[in-house]
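Just below sit the structures, each encoded as structure tokens.
First subunit A sits with subunit B, and in the next complex the same chain sits with subunit C.
Moving on, here comes the complex of A and B:
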């Protein structure tokens, strides 16, 4: 068979135009994303003199060290625990906030206003948002005082602040918006006529939620999940502050490594975490065809 | 006790969304069981609101909606045993054809085996068997329409409500699907209520045509009645096919009256049973466009013919007839539909002076 002349080779002019279109993205991604990752990847295979100096000789020593350490598994389990808990709570809260905004607030202006209200916590810095939990959750905090006053407890609850509970609370507080936005977006594109058609067919509110709204919000749920999971997996700061140093995450370990100039092991841990995250994200993308849903 | 009859009675039905203006304003109508009823009117005339009130997606502000002898106001759509087919179909995009059609049975708690069997039977009825596993987006407009119809019909409703069911289709398909709707209606033997703004669709399908304007029923009747005997100027102009002329009554002479017009002798109009007129009344009359014959001036006309001298303004070839636009009356458009063969036996050209003639008895006084 002869190849048709037109499809055999794209005209060079069209090729050039194509490259021009992607050039801004390439110009941003290469220096700020690809290059750092390559540097980290290279560093993870380098040897170190133990004082921050790297010698460019290929070794797997860092990976062996990281993978053999019992701490690694422990930290991954701890991080996954935080991730799963945060994911569950942000998903439940985010889904119902979006559901309420899209399907129950009839006035569109009000819906947009309430939506903006969800972003108010982001007008302050992450640190202030975390610190602001202290007067609420602390030993002398509002919740303890209220419970003491009501006679529910005799001793102030210690688990409220500087605990795993506090870590999850802070994560949920910070990350629910990352669930709300994509889920709101995909829900808002559900034709209201579909809901009416479902009611017409005799569907209950729960049927509509289960059979129409959830399946049609899948892409938003998947996107929100990617945001939340990758942020929690990549965090060490919230864990450090809100657990009072009692808990750690995967990233806190290689943050410590960097602190003591163990760059190759830190790099190896970072590469490992990146691979784990890529695996999780591709699993999500495999379950939900986001691209197809977005172009719907 | 539930009645299986799909006869509908609307009594004094009003609907207001803002509490000030009535979108539907005191509608009274009886639709017999198993009838094909078309609501027709321009957009915003309240026809879709009536449909949605019958379906139970809106509640009337006042009045009663009785289906099969039972007042259904306030009942959920399922309990009314009505089903609605939505404009642009509102098919569930994430469900296959089969799942879409089985949806109503699914939420009614039917077992998977039962509901899929019922859905397959319905799929066969609308001839979509080979598309059963496709998603709505993979179907053509006509196929989507059939899925919507099947999805609505699967619950065996006593009334099927169709909101502009053909508006999303192109012209050829529309004519074809029109037939299909009528066939399904006969097959199911239930009441169909169909909302449209296309008069051709209405008169082709309906046993009962309901012409609406600004929330009120202007005229309701058999298609032929509404087309050939419009009550008033609005209906005549909306249904088309009529020349509407207005003028003052010059004199009343027994069974007919004379309308003062540009023509020297005026226009004689039979009184016909329904209107009593007196001299000086301003009145509209209708003359069917296909009743108008064009004759060269000076020819003898049989007695009982009204003739008005006119100039040809424009000519449009329409296939089996020719549309000739005339300046017969000063204020209103006047058109003659001349059969193609008659026209080309002695063709006119723009600017020709002709006599527009019709049998005096065929003119119709309007309310």
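Moving on, here comes the complex of A and C:
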């Protein structure tokens, strides 16, 4: 898939054929992505009777309410905290797991087998994987039982489950795969001869990591970051279940608002969140052309 | 995950190149560097943390009637599986299971066809292709719950009833299609254009070249797209929440169970859905391997 130089020079027939091929995709995305976003945008400007009824009068009241509320700041800070923590842990684990598979496993088939082993849980239910921490982290869970038996603690630790710690554990558990796959993909393309040349030129193992492997996996890191950041910022159910209702994020507050039929406030907060997300994603996209990256 | 397919393709070639070249960081013979042992430990811990909790709930779901949510195991039986499909208080598990499977099959079929066509379209530049591409990326990264609410409100405004086979179907496609197209990108980038041109030179029509050359060559990639379509739909939650209407899909049923049910039935349901996922993953990977093997043997003959 070599993209030809410029779309402006493409002959009209190529334009028509291209659009014909992507038309089914567009026919799904317009009603189920573009239109819903516009509906939410419109709803954020509507007035409400407080019982779920919307009156089409243009008002900025919802935005004023959202931006003036101290809760908003708190929610964003909580969301950013979860996002940053999850990003750091998934990046470190994901990078070194990919590094191990690409550079340390000698047998190619074994490397692919181990890689598949990491990807299998991605294809199973997220909710199930989340609740599977209950028998481990709970007050009478395995970790507390083990620590009590070893005499490390006298009282079972309560912070393990239904806490911010549990939320971050669940995120890292679910999302590290989104780092491993793209980083593995870009690392696997690094020409091993380049590394041999660096060794011949006297580079240390750390030099190779710093000067060759990290820069050349940058696009994979960027792609993984987009996935992890957008999923954590858009999540509500991990935060709701794993914090036991103790913590909230922007989207979990949105969920509560929808539950009590406060559509305009919910919509305004959703619009703001989407803007933040778009800003982050486009910042990342500036550093990497993902389309070229995927098609290369 | 697209890398998996890419590398299944690549294995044969890279075997010959790989032997001498991997010397640098990890020598292919002789002693291993200390980093190997550190990273191997990290990798093992990661895999244990990945699978450990899941296996805990599979084991705990086989307790008998005295069973609780934590270890130690209290007896062993299939009580909670029977309970799951017979008790009324756990909700309509059977119905939601049926709906989820049907929905996933429909989503899979549409995802494979639409992603394949879009993959063909994106091979050449055309006016507006970047716009369509970013629309797709937007659909992928947008918060699912917000999109779901928008879809729900849209259906309400148009006077349509939200249901799992209309609004939820569309909402799930807005999630599975971007994944499917991205996988198609990776698959297509390894397709050799010479084969297609050869087909045209031999007088094939566009449709013939797609049907007789591209689909057979790309079959493993299409199976992978199907795997994505099925599992992403079968497990989809956030986008379905506001769009499924009055009848739940399975993840919605599990969600409401996590809020009400505090018995190992919940774990039993986890075991059942995971078995379904594993059957689908196994069938997909198996058929990819089978296709590759068939090719290997016919190439030798």
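In this text, the second predicted complex is superposed on the first by the 265 of 296 C-alpha atoms of A that agree within 3 Å, B and C clash if a C-alpha of one lies under 4 Å from a C-alpha of the other, contacts with A are read in each partner's own complex, and residues count from 1 in each chain.
We take it that a contact is a pair of C-beta atoms (placed from the backbone, for glycine too) under 8 Å apart; a residue touches a chain by one contact, two chains touch by 3 or more.
Remember, predicted model here, so these are calculated numbers, not experimental data.
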First, second, both or neither for A:143, with subunit B first and subunit C second: neither
Which superposed partner A:201 touches (first subunit B, second subunit C, both, neither): first
Which superposed partner A:193 touches (first subunit B, second subunit C, both, neither): both
Which of subunit B and subunit C A:173 touches, first, second, both or neither: second
Subunit B versus subunit C as contact partner of A:61, first or second or both or neither: neither
Between subunit B and subunit C, more extensive residue contact with subunit A: C
On subunit A, the residue positions that both subunit B and subunit C contact, one per complex: 191, 193, 196, 198-199, 296
Subunit B-touching residues of subunit A, taken from the complex the two chains share: 191, 193-194, 196-204, 207, 211-212, 215-216, 296
Of subunit A, residues touching subunit C in the complex: 1, 3-4, 6-8, 10, 14-15, 17-22, 24-26, 28-29, 31-40, 43, 93, 96-97, 99-101, 103-106, 108-109, 112, 114-129, 131-136, 138, 140-142, 145, 173, 176, 181-182, 184-185, 188, 191-193, 195-196, 198-199, 205, 208, 226, 230, 233-237, 241, 251, 254-255, 258, 263, 266-267, 270, 273-274, 277-278, 281, 290-291, 294-296
Subunit A partner contacts - residues on subunit C that touch it in the complex: 1-4, 6-8, 11, 14-15, 18, 21-26, 28, 32-33, 35-36, 39-40, 42-43, 46-47, 49-54, 56-57, 60, 69-71, 110, 113-115, 117-118, 120-130, 132-133, 135-151, 153-154, 157, 170-171, 173-174, 177, 181-182, 185-186, 188-189, 191, 227, 231, 234-235, 237-238, 242, 251, 254-255, 258, 266-267, 269-270, 273-274, 277-278, 280-281, 285
Interfacial residue positions of subunit B with respect to subunit A in the complex: 55, 57, 76-78, 83-84, 86-88, 90-94, 103-104, 106-108, 137, 151-152, 155
